[in-house]
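Once you scroll down, you'll see the structures, which are given as structure tokens.
Shared between the two complexes below is subunit A, which has subunit B as its partner in the first and subunit C in the second.
Then we have the complex of A and B:
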């Protein structure tokens, strides 16, 4: 018998945690009450958020917030750490295919200023190194490399460059200038094949000329060779195929979770937990196998809620398609506070949610996957995918969230917004969300409430 | 019996009383925004009610809108100013397809659907350079009253080009223009054009006529012409433009 799920505060989680323990909840080694991340880790933003009240959500949060511990433990166990920068789902698949290698996503430090409410000082350090507020908040990553308080210095750093965020390229170059050597691999801007070129199908329904796929494959071969050198064992096709199958297992879980969460009459999982879950697809939060377990539990919880006809929001909640991740997690709560729910997302890594082809040589499959990256294609391509998914999930409105200073989404919001309006006729609103959006909450609330009111008026 | 619409904006609080039977406006009033927004709104409402011969028992419902809508504790509910301006403008200009609303600290562009519903909207609430605040800064810098800006702009022979995208830097630019002998009339006209161009940029390519201009800035003479020039189509000013938000709120309270 499943109860009525709720979105609860951290204070309420204290009671809920005791309740779940009393019910015999079995926790993993990284388990424990959420509050400890505030008391011990300084993650004070948690005091301002609302969470799903399930044991599965608790495990998700604990998994996310203990990544630093996991990386230090890996280092202590003499595992090899690969920092896969500006890579949304390709190099980690390769790295986890090698023995004794753990990949992580240093760019993930962009959420530290939010989670720690600027108290880690990472932005100040970045500013002092010439990366001021005109850059994307991911500049916090450089601060994290300086303080070494959030992850160990990796044994190898990779970074894609080319058709990626200009800001990030500049930030990563600054990092290299600070003495952290980077293996750069190039990703070209994805283009449609010319009539005389052989067209290759990519995940997500896109196409690219064969020469682009071959080029990206050659770049990834360099990365593979470097990982092989690092681990001391050649990274063969068999291991890569196994790595791809494991990644696809996670992607399938996420795909089912997303479909359930976005299409159920009553939303079974809050927007915030869904955002965190989707992020796991990129980098597995430094433990691929555990990521699968965590997401599997979340899927089970969502499935049970849907079968029981219960949800964290009422059936009347307005169905919103969300474009781009937010720098301040609190804004995901705000959508629901205003009467909305997430029904479809395009968080800039939609390709990492698609299955990697398993019927191709693994390096070609990975090259195709890398080229399907939304950031490697045009804004119109992103809009096409958003339009398709918004239609599939029955979205009633589109919210485009800009990241201050991020060059990959400074102007594309207008392109996506115009295409969505003209093709689907849905109302669109753009918001800009800095790492701490408290001062903007009234204006953000007005925009989101107005979007909700607009949809409700249409319904009537 | 009356329904009440309260528009608690960033610069002023506006209230409209609407007869729930005839749907005619019974009274309206405005007071400058300040510390104690709720008390200011309460005092204004009490004054309007007394002058209209009404008592507390005559109020059916109160809807608050505007930036400070959540501070109005006597409101039954809140609705965003986007929805309220759309309803208010539709009431006074039923054919309006596009609404430009420029207030003290933000500006909005609304595309209307049937019955004054909002089809889509854009909003600038991050940059004061496209809002009434810009005009206040200019008036202050030039030492003239706000209502003196219109005649000044009308006298302009060659509107100055204001290139700064930030109100703080624009003020510096204005000082520079004054020091080089640019006439205050041309500066005021340049600032009006600058605001209008920002609105046009927000509108993009999809401005559908008829366009109705509302909000506090609509009462500043010359702004409508600047908007017409920037948008490339006729612009009409809503009757009592400062009150369309409160009117829309009162209409929603009566619904």
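Then we have the complex of A and C:
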């Protein structure tokens, strides 16, 4: 018998944790009460969030918030660390195919200023190095490299460039200037094939000319050679195919979870936990096998709730499609507090949620996936994908959250907004979310409430 | 006679390739946009987009991917004009042969685009002829440095880029200027807009001497003279190598070649200070400001062009203070 799920505070989680322990909850080695991340880790933002009250969500949060420990343990075990920068879902698949290699996502440091409510000083360090607030909050990553307090310095750093945002490219170059060598690999701007060019279908529905796929494949071959050199063992097709199958296993779990969470009459999993779940698919939070287990438990919980007809929000919640990840996690709570629920997302890495083709040579399959990156194409392409997903999930409104300073956000919001309005006739609101949005909460709340009320008025 | 003007801004578009297809290459200097750019939008990218979209005489507009804001501007321009817009991939990486091949493939794709607009396919002979003509004209422009004030020199580079054909066969006849006085400095940074060339006068008026215009509109992006031994045998290869392989730019990854070039120029020209002009939302230049200062060990004056409007009074005051330090 499943109870009524709730969104609870950290204080409430203290009681809930004791309750779950009393019920015989079995936790993994990284388990424990959420509060310890505040007391021991300084993750004070957790005090301001609301969480799903399931054991599965507890495991998700503990898995996320212990990544630093896992990386240090991997280093202690003499595993090789690959920092895959700006690459959303490609190099980690390759790295985990090699023996004794752990990949992680240094860009993930962009959430440290939020989670630690600026107490880590990463933004100040970035500013002192010339990366001020006109840059995307991912500049926190440079601070994390300087302090070495959040992850060990990786044995190899890769960074994709070309059709990427200038913020990240410039920040990564600054990092290299500070003495961290980077293997740069190129993703060209994805374009439509000319009539005389062979068109290749990409995961997610886009097409690219064959020459672009071949080029990206050649770039990934350089990365593969570097990983092979690092691990001391050639990275063969068989291992890569196995790596792709493992990544697809995770993507399939996530796909089912998303479909359930976005389409069930009552939302079975809150927006915040769903955002974290999606992030796991990019880089597996430094443990691919455990990421599959964590997501599997979350899916089981969502399934049970849907079957029982219960959810964390009422059936009347307005179905919102969300574009871009937020720098302040609290804003995902805010949407639900305002009467909305997430029904579709495009957090900049839609391609990392699609299955990687398993019927192709593995490097070609990975090249196709990398080229399907929504950021590598036009804003109109990105809007097309959002429109397709918003229609599929029955979204009633679209919220575009700008990332402060990000070079793409000044352009694409207007394009996506206009296309959504003209094609789907849905209301659209754009907001900007800094790492700590407390001072903006009244404004954000007003804008989100206006969006929700517009939908409610249309419903009536 | 040409088949019309092809306008662009990126220095990695070879003017010779445009001309060899029968079009008039025109690397424009946009005027400041009438309205302030949206938050986060680079003033230069907005000015270029507005200027290009309004240019009803252009046969085509070329935009490249060397900067994300310009890449995204291509979509903005295409939505506002019926003039064909071509978005060319200019690789950011350069250390492996694949990047050079991608650049050449893109140049060839650009050539097919010109043909689709009614241009003539570029013959080897025709390309060699244009390359030699532009190369000589460019040498003439370069040679005029000692005969012109800093502003006139930079404007003559911009003017050459705006219409290179007009310079072919023209030689300079004036003599050298009196030896420059003041502290030799380099001005480096992104592209200048029409209104910003005044900065060169202000530098010289406040006690400096512009020994190097390393902005995107200045000397830095003038391609090196072509390798005449290779030119006849492989003109397109020579063209690609000279542009893609030779123009130093901080957007390249890694951007070590830019620093090598700057170091060479500092030594050759005895530069004692660096003035870096950048736009508010230009990540590429802004991220390098601190590194340039640390690396060069020279006094560095960042000049924030903000939304494209350099305040002359404030700029003068900052320059005066800078030259007090530099002297």
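Here, the second predicted complex is superposed on the first by the 460 of 460 C-alpha atoms of A that agree within 3 Å, B and C clash if a C-alpha of one lies under 4 Å from a C-alpha of the other, contacts with A are read in each partner's own complex, and residues count from 1 in each chain.
In the analysis below, contacts are C-beta pairs under 8 Å (C-beta built on N, C-alpha and C of every residue); 3 or more make two chains touch, one makes a residue touch a chain.
Since the structure is predicted, the reported quantities are computational estimates derived from the model, not experimental observations.
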item: Side-by-side fit of subunit B and subunit C on subunit A, or clash; value: fit
item: Which superposed partner A:421 touches (first subunit B, second subunit C, both, neither); value: first
item: Which superposed partner A:443 touches (first subunit B, second subunit C, both, neither); value: first
item: Contacts of A:458 with subunit B and subunit C, given as first, second, both or neither; value: first
item: Partner chain in contact with A:131 - subunit B first, subunit C second, else both or neither; value: second
item: First (subunit B), second (subunit C), both or neither touched by A:182; value: second
item: Which of subunit B and subunit C A:429 touches, first, second, both or neither; value: first
item: Superposed model, subunit A: greater residue contact from subunit B or subunit C; value: C
item: Contacts of A:169 with subunit B and subunit C, given as first, second, both or neither; value: second
item: Partner chain(s) touched by A:211 [first = subunit B, second = subunit C, both, neither]; value: second
item: Touched partner set for A:358, first subunit B, second subunit C, both or neither; value: neither
item: Where subunit B and subunit C come nearest after superposition, their Cα distance in Å; value: 6
item: Complex interface listing, subunit A residues touching subunit B; value: 414, 418, 421, 427-430, 432, 442-443, 446-447, 449-450, 453-454, 457-458
item: Subunit A partner contacts - residues on subunit C that touch it in the complex; value: 37-41, 65, 67-69, 71-73, 75-76, 87, 89, 91-93, 95-96, 98-99, 101-102, 105, 109, 112, 250-251, 253-255, 280-284, 286-291, 295
item: Of subunit A, residues touching subunit C in the complex; value: 129-132, 134-135, 159, 161-167, 169-174, 176-177, 182, 184-186, 188-189, 191, 194, 211, 215, 218-219, 222, 378-380, 402, 405-412, 415
item: In the complex, subunit B residues that touch subunit A; value: 67, 70, 79-83, 106, 113, 117-123, 125-126, 204
